[in-house]
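After this come two complexes, each holding subunit A, first together with subunit B and then together with subunit C.
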Partner chain A sequence: MTDESAGKRRKKQDGKATAQPAREEPSLPPHLELQRTHVVAGADINANTMSADAANMFMALGIDNSWSYEKFLKGFQLRINKMDKENATLEFDIIGIDASIANALRRILISEVPTMAIEHVFFVNNTSIIADEMLAHRLGLVPLQVDPNLFEWKQGEDVASERNTIVMGLNIACRREGTKMINTDVLSSELKWLPEGSELPDETLCRFVSSQAEILPNGMAPTVDNILLARLRPGQCIHLEAHCIKGQGREHAKWSPVATAWYRLNPEVVLLQEVGGDAAEDLAAELPGLIVVQDGKACVTDPRAHDILLEKVRRLSSEERWAPYIQLRKRKDHFIFTVESTGILPPEVLLQRALDIMIHKCQELLKDV
Partner chain B sequence: MNAPDRYEKFVVPEHLLKVEVRKDTKVADAATFVIQREDHTVGNLVRMQLLEDKDIMFAGYKIPHPLQYQLLIKVQTNGSKTPQRAVQSAIGSLEEELRDIREKFLADVARFGSGEESMLA
Partner chain C sequence: MVSRNDYAVTFSVKDEDHTLANPVRFMLNKNPHVSFTGYSITHPAEKVVNFRIQTTGEMTSVDAFRQSLNGVTDVCKHIKAQLAAECTSFQASAGTSMEA
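Right, the complex of A and B next:
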């Protein structure tokens, strides 16, 4: 009997719990909702830029602003807009996340996704005018076409081996042939992979037990073969060995896998009240394409297709004539995210690795908290 | 010259824990979490997630010194759970959220048709 009644009571409570989201629906008054969801662009300052994220922010109004997985699932969307293989660029819209997540993703892409880059350069000979340390620095910045996951980290006192080091050689001399000069430009294509390891093991302390050809069956080379590293005159030469190791962008920017990774908020152009007659024509003339006149009234088309006009909208929205009519807003939880890879890994792979790193961070923290 | 080694930025020294919990001696239900070798990436993320929890009275983070590679997160709850539990659930929710983002991203990459799908695992 008691069990049964308890069960009933629980059921009732369950019923209440499921009914609750419906009760939450009475949402914020429009002016607060605008503050919560949008940044309003003003002439010289943006309003409502902070994100409204404290759970009890709107408690006085009886509105629960706390986070729940269900709410997140309802609001979350991801849409890829552009995937440009040639330029290794990816653009996507990500909707329904907090700025801190978008920013963490951006920071991890720039500074924590590992790549391989030249770290130690051993000069055998350098009679060119570029100083050893300058050339070594330039070499470090050359992106190398290798998947870093195939290699181990080399930290502190670790010995260089075929599992953590890639060796490349560069040996070039400039000479005159008749009236022509050969090898005046030293390009990244001159960097040649040495799968058997260092040719100067006594100096570099790098000895391979086996050839690297097994790890890298397709070989390796710089992603782009026309990067100018140095220039020579007849009689000058450069002979060096470059050792590449795995690293992260936060140690040195040469390990950053992206040229840039950035996001911006989704712009919205809003007509605050109806614009008709001459004013509509004038506004359409001020913002060609973005504002069109339909049935004598001004209408907004797609702001994303008219990016260059958005700053003009901002200016107009502060002018006496247009201020009551037009406003530029940005959605706070809608990010247009762009990743430009250096070409080492495709941007979609980078993003996936960045998310894996972030998930791994969460797990590491959970272990110790 | 006297700069710390570059690896100091991300290698947690053996005598330190990744996360150390220091209970606040003066305020009830408050604690400071000292996280080694993390920066604004994690600090801001965890702080934002904590603020979205109903039971949190205060959450904030700081990096006391740029050459001491540690992060402090201060948390005060309303007493219905300990700061540890609050941080655990915040990180747990973040992980859940990130897994979902990852899944949706991979699905959309597949929809968009990628030539290098073999690299996506």
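Right, the complex of A and C next:
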């Protein structure tokens, strides 16, 4: 038996027929197509994990594996699943790109999209039990609600000015009032923006020519106002000035605009052959919800709604009883991408900036080659 | 750029890393006129990527490199446009107002 439409330019694989719908272009034999498009999850190792396909990889089969913009446009899809304003989280499906592009996006989000963060802390007084350098480090990690695009980079010996530095002050003392203690917790809300610049210009060498209120008409503050920075007892105080500059996550994680950004491949659960009778009931009991019995046959429901069972599918697929029936696969060009912003900028804006950075990298390099 | 001929060139790209090199290598691999491509970062402390591009002769290495960079740019631009469109329609359908 041969399949004429698809088998015309294809070498026969042990004469096995493959009933496939007619397509415009010649297609790969199913076992190669599976290798090309899916990772097959085994019990202890994943198969077909490579994705860097060469253009002439399937040349012997008459199949063009090269890349073209038209083909890309046809296969590309982007779908937003979740947009959580409160937690500044965005989850979306991106289909039809290579892992290298998804990974570049992830890497840029984590380490190259700039933000503003506290870099220099000038202590006037600190009688609390937390050491200056510890507190300075904690301050650095506080995310600040300010658009870094409004500011210039401060590099090397650049002088601090209203265009590249934001100054914040913290002045708090703990005291006893009757039986109550006031200001035992120093929270991020105590960091106050100083739009006129440093109050200790001789020590900090930071002088503003004009007020920053023009650049930041809505002011600025930490994204969250209940981050615990230090604890005080009556009589202790902290008085300091914190200077924020623009930076990138690759220099220090405090400048990373995302709590994290990650992606995973879209999981698929496949029944390799029909499962009926008692076996179907048993399988449905093993994977409640993921496998349901309909008309005496096992059917797969939505794998993404049962994330917790997927690793169990992997284990079952290595067991003697189920190995011929069930398999866990992951599509190589379908990414479930999640971006968790620290709240400085909405995740969709971070993504736009990450893509701009990638485009900029390419365009800069094009000027030189 | 180190080369004895136009069809087998090693490019030395400064201040870049896997972020740019891997997508570009993917694009070059998908170019039928490229017979070999690969990159290496010789030392993690050195911010240099060495990019090797050998072609079959129909196209110079420089052209292949330029084509791949344009390819990556096109992909990013398309993702950007799609993302903006999807965000707008998602917000419209969810009926939530978002500040920019």
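Note that the second predicted complex is superposed on the first by the 344 of 369 C-alpha atoms of A that agree within 3 Å, B and C clash if a C-alpha of one lies under 4 Å from a C-alpha of the other, contacts with A are read in each partner's own complex, and residues count from 1 in each chain.
The rule is simple: a contact is a pair of C-beta atoms (placed from the backbone, for glycine too) under 8 Å apart; a residue touches a chain by one contact, two chains touch by 3 or more.
What you see is a predicted model; the values in this text were computed from it and never measured.
In this overlay on subunit A, subunit B clashes with subunit C. Using the contact criterion defined above for the overlaid structures, shared-chain residue A:367 touches subunit B, although it does not reach subunit C.
In the superposed model, A:76 makes contact with both subunit B and subunit C.
In the superposition on chain A, A:67 makes contact with both subunit B and subunit C. In the superposition on chain A, contact is made by A:53 with both subunit B and subunit C.
Of the two partner chains, subunit B is the only one that A:248 touches; subunit C does not reach it.
Once the two complexes are laid over each other on the shared chain, residue contacts for A:269 go to neither subunit B nor subunit C. Subunit A is touched at more residues by one of its partners, and among subunit B and subunit C that partner is B. With both structures placed on the common chain, the touch criterion links A:103 to subunit B and to subunit C. Overlap of the subunit B and subunit C interfaces on subunit A comprises residues 53-56, 64-67, 69, 72-73, 76, 78-80, 83, 85, 92, 94, 97-98, 100-101, 103-104, 107-108, 112, 346, 348-349, 351-352, 355-356, 358-359, 361-363, 365-366, 369. Taken together, the subunit B residues at the contact with subunit A in this complex read 6-7, 9-11, 17-21, 33, 35, 38-42, 44-49, 51-54, 56, 84, 87-88, 91-102, 104-106, 108-109, 111-112, 114-116, 119-121. By the touch rule above, subunit A contacts subunit B in their complex via residues 51, 53-56, 64-67, 69, 72-73, 76-80, 83, 85, 92, 94, 97-101, 103-104, 107-108, 112, 147, 155-156, 248, 250-252, 345-346, 348-349, 351-352, 355-356, 358-359, 361-369. Remark: subunit C residues 1, 11, 13, 16, 18-20, 22-27, 29-32, 34, 62, 65-66, 69-80, 82-84, 86-87, 90-91, 94, 96, 98, 100 touch subunit A in the complex.
Across the complex, subunit A meets subunit C through its residues 52-56, 64-67, 69, 72-73, 76, 78-80, 83, 85, 92, 94, 97-98, 100-101, 103-105, 107-108, 112, 346, 348-349, 351-352, 355-356, 358-359, 361-363, 365-366, 369.
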